[in-house]
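Shown below is the structure under consideration.
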Amino acid sequence: MTNSESNRLKDKAFQVFGIFCTFIGLVVLAIFLFNILKEGLTRIDWDFIMNLPSRRARRTGILTAWAGTLWILVLTAIIAFPLGVGAGIYLEEYARKTRLANFLEINIANLAGVPSIIYGLLGLEIFVRQMHMGGSLLAGACTLSLLILPIIIVTTREAIKAVPRSIRDGSFALGASKWQTIWNQVLPASFGGILTGIILSLSRAVGEAAPLIVIGALAYVPFTPASPLDEFTVLPIQIFNWTSRPQAGFQTNAAAAIIVLLLITFLLNGLAVYLRNRQQKKIKW
Amino acid sequence: MRVSEKIIEGLLWLSAVITILITIGIVWVLLSESVSFFREVSIVEFLTDRQWTPLFAVKKFGIMPLVAGTFLTTAIAIAVALPIGLTIAIYLNEYAHARLKQTVKPLLEILATIPTVVYGFFALTVVTPFLQSFIPKLAGFNALSAGMVMGIMIIPMISSLSEDAISAVPKSLREAAYGMGSTRLQTAFGVMVPAASSGIMVSVILAISRAVGETMIVAIAAGQQPRLTLNPLVPIETITTYIVQVSLGDVPHGSLEYKTIFAAGITLFIFTFALNNISFWIKKKYQEKYD
Amino acid sequence: GDNRNGEGGSDMSGSIQIDGSSTVYPITEAVAEEYRLEAPDVRVTVGVSGTGGGMQKFTRGDIDIADASRAMSPAEDNMARENGISYVQLPVAYDGLTVVVNPENDWVKDITLAELKKIWEPAAQGKIKKWNQIRPEWPDKEIHLYGPGVESGTYDYFTEAVVGKSHSSRGDYTASEDDNVLVQGVSTDPLALGFFGFAYYEENMNKLKPVPVDDQNDSNGKGAILPSQETVKDGSYAPLSRPLFIYVNSKAAQRPEVVDFVNFYLENAPALSEEVGYIPLPAEKYKEQQQKFDAFVKSDEPDSTTAKQE
Amino acid sequence: MSKKNYKLQARDLNAYYGNFHALKGINIGMEEKAVTAFIGPSGCGKSTFLRTFNRMNDFIDGFRTEGDILLDGKDIYDKNIRVDELRKEVGMVFQKPNPFPKSIFENVVYGLKIQGIKNKAVLEETAEKSLRQAALWEEVKDNLNKSALALSGGQQQRLCIARALAISPSVLLMDEPASALDPISSAKIEELIYELKHEYTIVIVTHNMQQAGRVSDYTAFFYIGELVEFSKTRTLFTSPSDTRTQNYITGRFG
Amino acid sequence: MSKKNYKLQARDLNAYYGNFHALKGINIGMEEKAVTAFIGPSGCGKSTFLRTFNRMNDFIDGFRTEGDILLDGKDIYDKNIRVDELRKEVGMVFQKPNPFPKSIFENVVYGLKIQGIKNKAVLEETAEKSLRQAALWEEVKDNLNKSALALSGGQQQRLCIARALAISPSVLLMDEPASALDPISSAKIEELIYELKHEYTIVIVTHNMQQAGRVSDYTAFFYIGELVEFSKTRTLFTSPSDTRTQNYITGRFG
């Protein structure tokens, strides 16, 4: 009896600890948001959203920055999504346990650990120099795609792995080819997990400044990009730039820009969470 | 039909093989510069010298201080993120109501989306002064608060991905555990966590990678003093900080000083390579399969 | 000075690409912003890859103008020659390096250049640890040093001016690439001594205490001198003020919009650099630069490959 | 209702999955140290009912009950009841084998270990005893450290039975425990049930009417959420009072 | 070996899971439009053997075969054989129900859809026919768009049977298809098997010897990877030639 009481006590204790941990995360988040909102919210108005950059803290705006961020987001998703999911499918469904498959697996795990700044150096050499893309949106999106590719691959694989073998058996036994099984059964069933991975990786891409600075994203761009070959700036660079300016007004601007950046990621995450929950409701093994 | 199957497989193969090209690209970019670095600086000096002062008049090229700094901040971050993140994952899975889980999980994921520049300033202007109020010896720039804030940033990587992994464990296992009279804690640690270990491992690998590669937080809050120490209370410098510092700074490109970042970069690359192989091996060994 | 009427007065078009030092960036940004009112169809973009990154792009011919917080290095000049690029260097403003302590520090009233050298020279590492080692009447307390990262032009210039040899200093000080971080450090540490750009001091006057520096050379002002617009401009705050530059590519200088922009830059630099926290050159210096640039544009043939420097 | 002291009892039990009414006004009392079989067509609620006795349905979102379930006269849905204690008292074997991804030995001693028993001799002894009871000992005794997942389906299910027996519950719930077993193992389980009922109260869901006839003292026939008939097994199979029961046991059912 | 034209045939078949020898020198021939039952104790290799006929074991790492499996006289392990075509010809129903996480309707027409059939009328007609054959139509006809995962275990299994029937294979492999079904549904499946054998060749693994006796024309008895006896069902059950068979069918087995 003492034993089961102590078990129960441990159980309760862990519950309290669990609440505490969850709470800590949320409290830190709240402090963050409060700090940023307190500093930046007053600065956000239509002019701030729609103005071109300016040296005057009060008059500057983030039009080109958020437009660039959206461009980068979309282009990166377009490039990285098929590549990442494709590689994930290949490794999980096709690759036999060969040396190549093993090597690919280790290689991808390693790529996930390569710091973003090194991807910046890579992008500078490959896309900007060799492929002559210059400091364009396309070069930036390609660089960020490489950066998030390993994350997408790894999470895609995990999601695919969670689909029970019996579902594949069922499909194969009905004469479905490998690809039909993947397309009709495995992907729909693992879509929620894949989506989570892509969200996490895209939200990383959205906040990334260092590699874009290296490949030549700019700080002052007085026009919104009109094609993937245009030059651009993005919100994190604008923020990074502003936080290092001496005038207090720019610190406020940075906070305001952070609010906008967070808003973009929240919208993204919200959409994905909605999709994921809908998915999870549909599928219960 | 058979042809289209082959084509699809070929395309998928291609997207997998691109990752090898990326690695080749990285190694090529890093190697081509660091080879000429190592022509001027011996590898022995690079590995054994206890000082890193390539930008000073008296130049020393010992990578160890940067490695120590990287290790220290990463260890602190993981020490914060792993227990908290895993606890959250288990709590959400075994204890919390479905609706709470659905709200909390995405809220926590926000932590991973906040730009790291912001975290850096948070560490410097909020966490460090707070810690200084009960650790008077704590320097204004230090590994401790940078590492802790980095840990907070990577909590959602561990909590979300581990939670996904635990959710994916077949329901029947949980039922079996409860059917034996397990408490929730026993179910979690005796059955669910071991069963989800490969997924949890993956989340931790990703978190470590993120911590090792993280730049802005440490650059802002940990100081930029390469120093061979594991004392979390003093300023240190990580490999990434050094790379970003030099590549954004005023050092002429092509100079020996500039090449140091490639030498540092390749060190970092080897470092993560070793790390990943260890966790890879662990994962392989303990992975379980279900139907 | 915003003294123009917002109408675009030019029908120029085209694009101008600028990159380089983050220190020079605010001035160039201000100029580009004003220039937009002048010539709305010219697309001017400004990046901040650092002087090194900017120079690399400039010497490869990737950009038209480079912002630089130091003069071009011989290696970079070689690179430019190899790539057939000739250029002109134009100083556009001064930055004053300000030595600061925490406002709670009531013992430091001034400091000499020799004392600064004693603190910062490489030999001081691990030895000069207390304030009273510098001046006996100062307290027996630790001294905590703050300064810009060793890769920055600011550090480069400071060591040159104080220690006498660039990149030669002790290494056990707290460094940061971001001057705001240094402001934060010094303003919360009563035992701190640091240095950084004048603009950062100017914006944080209430949190910092500037230290007058005595270079013990009476030819340029007697005694310890505080940095200010005047003392920097008239040269009395020597040697801790440094020039900031732009470099213009000769091929780009064949394009009318680039010529127009650079002229506009030199015309407006006095007002705009002051506005963003730097110190303008004396008026006649700007004239000189203007003439130099005119000559450069005229003399330089499209196929010329000779680098032009002061 | 009679005042008899039942081991397990349901009073006016209704159960719902969201809006779906899965169990409708069930009244039943099960005697101590007897075997009660639940029979009825697929989807009639046998599993649902069985799982209310150890509150395994607690995990299903939207599931709720009305009425009482009593174990030794105490309401198990009472606030003061500890679910983990309840489940140690009321063991369960599931329809699909669900071994833990651990070794065979670890599976069997899991229940003891979570109770804090660490003595190796005790664990080994219990493991052997339970595995013998589940007719699995001979097949696995040399491979106790092998992963349980490498066993065949039938072996896995017997392992799950051994695992449940290891914590010596007083009630044993079995949801078609033999449906994945071959007749020989199945017969052994039946024998085992026969032996165990001297000590335990057993409730078994089965589709195999011969099995119900062989092992159970009482049989309950369910039909679309209702308890149609509950009586001595012999009575139910020889002279059912309800025509639906009659139709079902003679296989004449639509 | 006789020169008879068997529908399915195994010649000197050995199968291995890595080093484990799961099937040992099996020789068997199954006639067209007959029902063959595989019986034997748990772990004897029935499922393994069944799954070689549609090459479902291909997915298991380390699994390999020696010898031939012939369908209509053609080696199905031949290089030119297309596995997906083979599986359209050889349908399969599994031990555990494995409906797709889709609607009931989508489950049934899945096999047709992947063959490119899009005509709605055809799909609906086939769905109804197959669901009727699997004795599920009445229960689900109003809920064809409901998720298949919301069905009970028995209903799920019947859905899987319907799904397999929808693509009209010529051979139907069933791995204990009825072990999760109640006797009534089970009896319907038996009836169905009886009807289907006029058109299809059926191989069924079962633990229920009565079932084997009722539905099959031929019965094969396996024991630890060996095919001990194969003959007409009546012969095997009434006068088995091997003592092991004898012991097994009389339940005297250890």
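Chains: A, B, C, D and E, in written order; residue numbering restarts at 1 for each.
In this section, a contact is a pair of C-beta atoms (placed from the backbone, for glycine too) under 8 Å apart; a residue touches a chain by one contact, two chains touch by 3 or more.
Everything numeric in this text was worked out from a predicted model, so none of it was measured.
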Chains linked by the largest number of contacting C-beta pairs: A-B
Farthest-lying chain, centroid of Cα atoms versus that of chain D: C
Centre-to-centre distance between chain D and chain C (centres being mean Cα positions), rounded to whole Å: 82
Interchain centroid distance [CA atoms averaged], chain A/chain D, Å: 48
Computed distance of Cα centres, chain C from chain A, in Å: 37
For chain A paired with chain B, centre-to-centre distance based on mean C-alpha positions, whole Å: 16
Residues of chain A touching at least two other chains: 7-8, 164-166, 177, 213-214, 243, 284-285
Interface hub residues of chain C, defined as touching at least two other chains: 22, 48-49, 53, 178
Touching two or more other chains - residues of chain D: 84-85, 88, 96, 114-115
Complex contacts: residues of chain A adjacent to chain D: 3-4, 6-8
Residue ranges of chain C in contact with chain B within the complex: 21-22, 48-53, 55-56, 68-70, 73, 75-76, 79, 122, 144, 149-153, 156, 159, 165-169, 171-178, 181, 184-185, 188-189
Of all residues in chain D, those that touch chain B in their complex: 54, 56, 59, 61, 83-89, 91-92, 94, 96, 98-102, 110-111, 113-115, 147, 149, 160, 163-164, 167
Complex contacts: residues of chain E adjacent to chain D: 40-43, 47, 95-96, 139, 151-155, 176, 179-187, 207-209, 248, 251, 253-254
Complex contacts: residues of chain A adjacent to chain C: 52-55, 134-135, 213-214, 216-223, 231, 241, 243-248, 251
